[in-house]
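Got a structure for you, written out below as structure tokens; questions coming shortly.
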Amino acid sequence: MESNSNILPRPLRGIIPPMVTPLLDRDTLDTAGLERLIEHILAGGVHGLFILGTTGEAPSLSHRLRCELIERVCEQVKGRVPVLVGITDTSFVESVSIAYKSKDAGAQAVVLAPPYYFPAGQAELLEYLKHLTPELPLPLFLYNMPSYTKLVFEPETVRAAAEISGVVGIKESSGNMVYFRQLQSLLNEKPEFSFLIGQEELLAEAVLLGAHGGVCGGANLVPQLYVDLYNAACSRDLSAVESLHQKVMQISTAIYSVGKYESSYLKGIKCALSCMDICSDFLAEPFHRFRRAERNVIRRHIKDLGLTDKR
Amino acid sequence: MESNSNILPRPLRGIIPPMVTPLLDRDTLDTAGLERLIEHILAGGVHGLFILGTTGEAPSLSHRLRCELIERVCEQVKGRVPVLVGITDTSFVESVSIAYKSKDAGAQAVVLAPPYYFPAGQAELLEYLKHLTPELPLPLFLYNMPSYTKLVFEPETVRAAAEISGVVGIKESSGNMVYFRQLQSLLNEKPEFSFLIGQEELLAEAVLLGAHGGVCGGANLVPQLYVDLYNAACSRDLSAVESLHQKVMQISTAIYSVGKYESSYLKGIKCALSCMDICSDFLAEPFHRFRRAERNVIRRHIKDLGLTDKR
Amino acid sequence: MESNSNILPRPLRGIIPPMVTPLLDRDTLDTAGLERLIEHILAGGVHGLFILGTTGEAPSLSHRLRCELIERVCEQVKGRVPVLVGITDTSFVESVSIAYKSKDAGAQAVVLAPPYYFPAGQAELLEYLKHLTPELPLPLFLYNMPSYTKLVFEPETVRAAAEISGVVGIKESSGNMVYFRQLQSLLNEKPEFSFLIGQEELLAEAVLLGAHGGVCGGANLVPQLYVDLYNAACSRDLSAVESLHQKVMQISTAIYSVGKYESSYLKGIKCALSCMDICSDFLAEPFHRFRRAERNVIRRHIKDLGLTDKR
Amino acid sequence: MESNSNILPRPLRGIIPPMVTPLLDRDTLDTAGLERLIEHILAGGVHGLFILGTTGEAPSLSHRLRCELIERVCEQVKGRVPVLVGITDTSFVESVSIAYKSKDAGAQAVVLAPPYYFPAGQAELLEYLKHLTPELPLPLFLYNMPSYTKLVFEPETVRAAAEISGVVGIKESSGNMVYFRQLQSLLNEKPEFSFLIGQEELLAEAVLLGAHGGVCGGANLVPQLYVDLYNAACSRDLSAVESLHQKVMQISTAIYSVGKYESSYLKGIKCALSCMDICSDFLAEPFHRFRRAERNVIRRHIKDLGLTDKR
């Protein structure tokens, strides 16, 4: 029954892939690719869809295109799973604006990393959340992403933020498991507060330790693998966990490590999706798609991994 | 004759203050304050006006407000000096959009720091400039601001960028004078390429060494001081330079160092402008204006410095 | 049988506490405290003792005192457990010198973080290991500690280093579990290569995932807790793991977070040991012991945690 | 009269080259090269000699070799110029030890960067200086080198340190001229406190602005150039300053920028000295001398610059 998905589960559990944004050029969606990609991901049994995150290249996209994407995705998903929309922006007003657009289109929640130009202190960051959250028409997930925002949500800030009505969870992408461990007492006190792990290399252990799920980029490529790993971890089937985790590591090693820049992850996923004939590999500036040499490496790795290579 | 100012001087020389954006709240301009501020700055004899930079809190402002500001400023300046507009954005498309808005409103140039969410490599940064510059309807100044963008325009990138038609200068705000020294051979080869220094503490020496001018935040407060210092440096009047530089350092020490966060500079200038009865001290999130304690310190310093304190 | 411990187990497994160095002043050992501390730790059933690491303040100590410590520790331990000695130094020659001193005194292995003044590249770091290891008279553990050395042993460097005869393991203290996951294929290929985790907050999961043990600072205070947690993880007793992990987190939260500097961890452990009447809390420069206010907090936490407070 | 140089000038003025340490291997001085190098440098008319700094690879050298170097240098210099010795060490006791060795050998002053393993706070750093300075038998220069020590002497710390008896100056190597400007009021209040600039690209302007001299690595190669530039700046001969500064920039560009690591500066100087037949180009680990390809580039640049290439 579709209407159920309009109510965001508390806590949100499972695999919520951070969808890439298929592009024909820097301001044009690859709409056919987008349709294929959404169906490809949903067919894997995922528990939600997160658009306009880092993997979705949100900061590189125009506001117009972001709005078009939100509408198209919500319309196509049609409530089959909750849609979460990234509203991270250096401007408070723009974040609120995208949140309203998300609400109007039928999304279930929004996701926010700290504003990332001016270096706010933790007290300022908390005050920012206290001002922002009441202005939002949808529940809010925090997004800890210090490698790009240069600002961490310190554990004490998360604890205080969790007291704000409307803040319903956190997506953690720092890779620092000490941080997760420090937040666990919070999780015990607030069982409805979602903890989602961003780095798929840590999905297995995070779920074993009590995280509610993962926002795994590789689920753009092979969504069922991550769903299977999540389920194995939930049911404490350690040998299945180990075997599925190995496959996740193979994808991470093969697809995210080609080329020399930090953007290898993003370029690798888009290139692989293109090789799999799902969508275009165009990236918005400041990045560009892999050239022929890197593409050949990705194509070979896809074949070795047993993923479909149609091109 | 006003029409002259529609042609951007090559190189652009002199004092081009980075104007603060007077706000009543996070999405409402203090229009009366804005008028007073513009006239206050122009009365100091400055050589240009730079809006929507870091000092102008551009990343914190909505696109709508940025557009309103561009229009109001251009209309009021009426060609008395060139207006430069910051178009820095993580989205290529949004940068181009603001550039067109600037052109339509009558601005003379645009200013661009690197996109600051995704960590581009230098080759990617150069390619970005090669794609962007031809799309812009106005001449472009590069803006080196690594403390906030986390990405430097390396000297070799500046050298290559200076070959792109439309790139007319650089505003340097890293404080690293070795960088300036490394760029000087470029300046010798391209006498029309502007080098403007961002940190007012270095204005005196930079101009003595060949820089064409400065983008000095303190010129919001006392524009004539910076113009006088610039003129003294141009005419090699070293004793006047020394005496005026001392006053600049007093402002820097007294106004930019109150409070504990990196945002002291911005809060200090806005607070001082408010104490001087020129415009509101509201700051957009993630910052907030100084509370009473810090404001009292600023007010005392303004009095000590002999600036008018009307409130 | 004591003689067994002269042969370093391969892989080395279990809890190997990084011992603090009890000091009466900056160049005088607290020899009585040292004796008590060693017996206190060994009584907890630990599997080794690591001296002159970060927790041991090695970089702050004179070479003379380091040598005295090595001798005293080896003499007192008398082969009951393997002794590992930190030889990290910016000087290759001094590292070799301490390694020989360790061998002569009866230690079983040495531990080395990258030289930490000059910023070596990874190729240089690997070459450094290729030069150094053959000069050492004892097996070598790598020590990944980027927060202090500013240089990480990249996974590919560890992989190459593991091929050098004499390199027998790694102590990982970055807290980045993705790094651990990336090294696991190495561990599968080289079952004798030890992987020890440095951050006690991650001990439980690291051992569950295949690490061989931990170098846990809190084991200076309550060694048996960490041994019990290690054993529970080895035997896959997940409910015991969870319960013991909670106690570890309580110590981490209560003892390592007092005071405002990054040195809180080190000051907290030494202060707690002093409150427990085990050894002096003197710290070598650039640090100093907690003053009365922080000491009172530590004493209260020790009482709350049920640790003995004799002073 | 030699005895004059035994009294350290206050302030110390002029060019004090940071001497490289000629090595045959990692623990053997190139004594013949050392003699030639000292005479080569002194023949340029320099005003002092700084050994065991960053350029001198001090952190990579054994304590024994450091002591041998101190003795040999002091003996050969024979009071012709003051000798300053770097005593930077992570261990307080070792710093004091090298200071006594320096005093005994006849050096005139010591130079200290912050201890660089443990991250001290500014209050701890100042306390460290208050403890250390009274223990030293020679006057102390502070050495601000944040790129390697990761810790800056904040202006307020320098101001407080300058009140400690025995602290006589600072060598500034951050390249941040705002920092210099912030320290200038201190210099005005304490005319005997030396301010020496570390980066030769900034020598000209620093001396024009009131610095007392420079610690210029290039003065290992062409000492007279830096002395001439210093003299031109002191006498305000701006056209000579400009011309000599150009030559300094050519050396910086040609010699310090070969190869891909941050160590290019150090490798370039040693390689050039070797090409000039002055001393060996061996570098202690973690670095190594330039291989043939880079050496050929350096040799060509030396020829282009008109420096003698005897090999």
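A, B, C and D are the chain letters, set down in written order, and residue numbers restart from 1 in every chain.
Methods note: a contact is a pair of C-beta atoms (placed from the backbone, for glycine too) under 8 Å apart; a residue touches a chain by one contact, two chains touch by 3 or more.
Since this is a predicted model, take the numbers as computed values, not measurements.
Colleague: For the homomeric pair chain C and chain D, should the interface be classed as same or different, according to whether the shared residue numbers exceed half of all numbers used?
Modeller: Counting which numbers both chains contribute, over half are shared, so the two copies meet through the same residues.
Colleague: Suppose chain centres are the mean of their C-alpha atoms. Which chain sits farthest from chain C?
Modeller: B
Colleague: In angstrom, rounded to a whole number, how far apart do the mean CA points of chain A and chain D lie?
Modeller: Centres of chain A and chain D (C-alpha means) sit 50 Å apart.
Colleague: What is the distance in Å between the mean C-alpha positions of chain A and chain B?
Modeller: So the centroids are 36 Å from each other.
Colleague: Which chain A residues touch at least two other chains?
Modeller: Not one residue of chain A touches more than one other chain, so the list is empty.
Colleague: All pairs of touching chains?
Modeller: A-B, A-C, B-D, C-D
Colleague: Across the complex, what residues on chain A touch chain B?
Modeller: Its residues touching chain B are 26-27, 54, 57, 59-65, 90-94, 97, 114-121, 124-125, 127-128, 131-132, 148-150, 260-263, 266, 284-288.
Colleague: Spell out the part of chain A that touches chain C in their complex, as residue ranges.
Modeller: Residues 175-178, 181-182, 184-185, 199, 201-202, 205, 208-209, 236, 238, 245, 249, 253.
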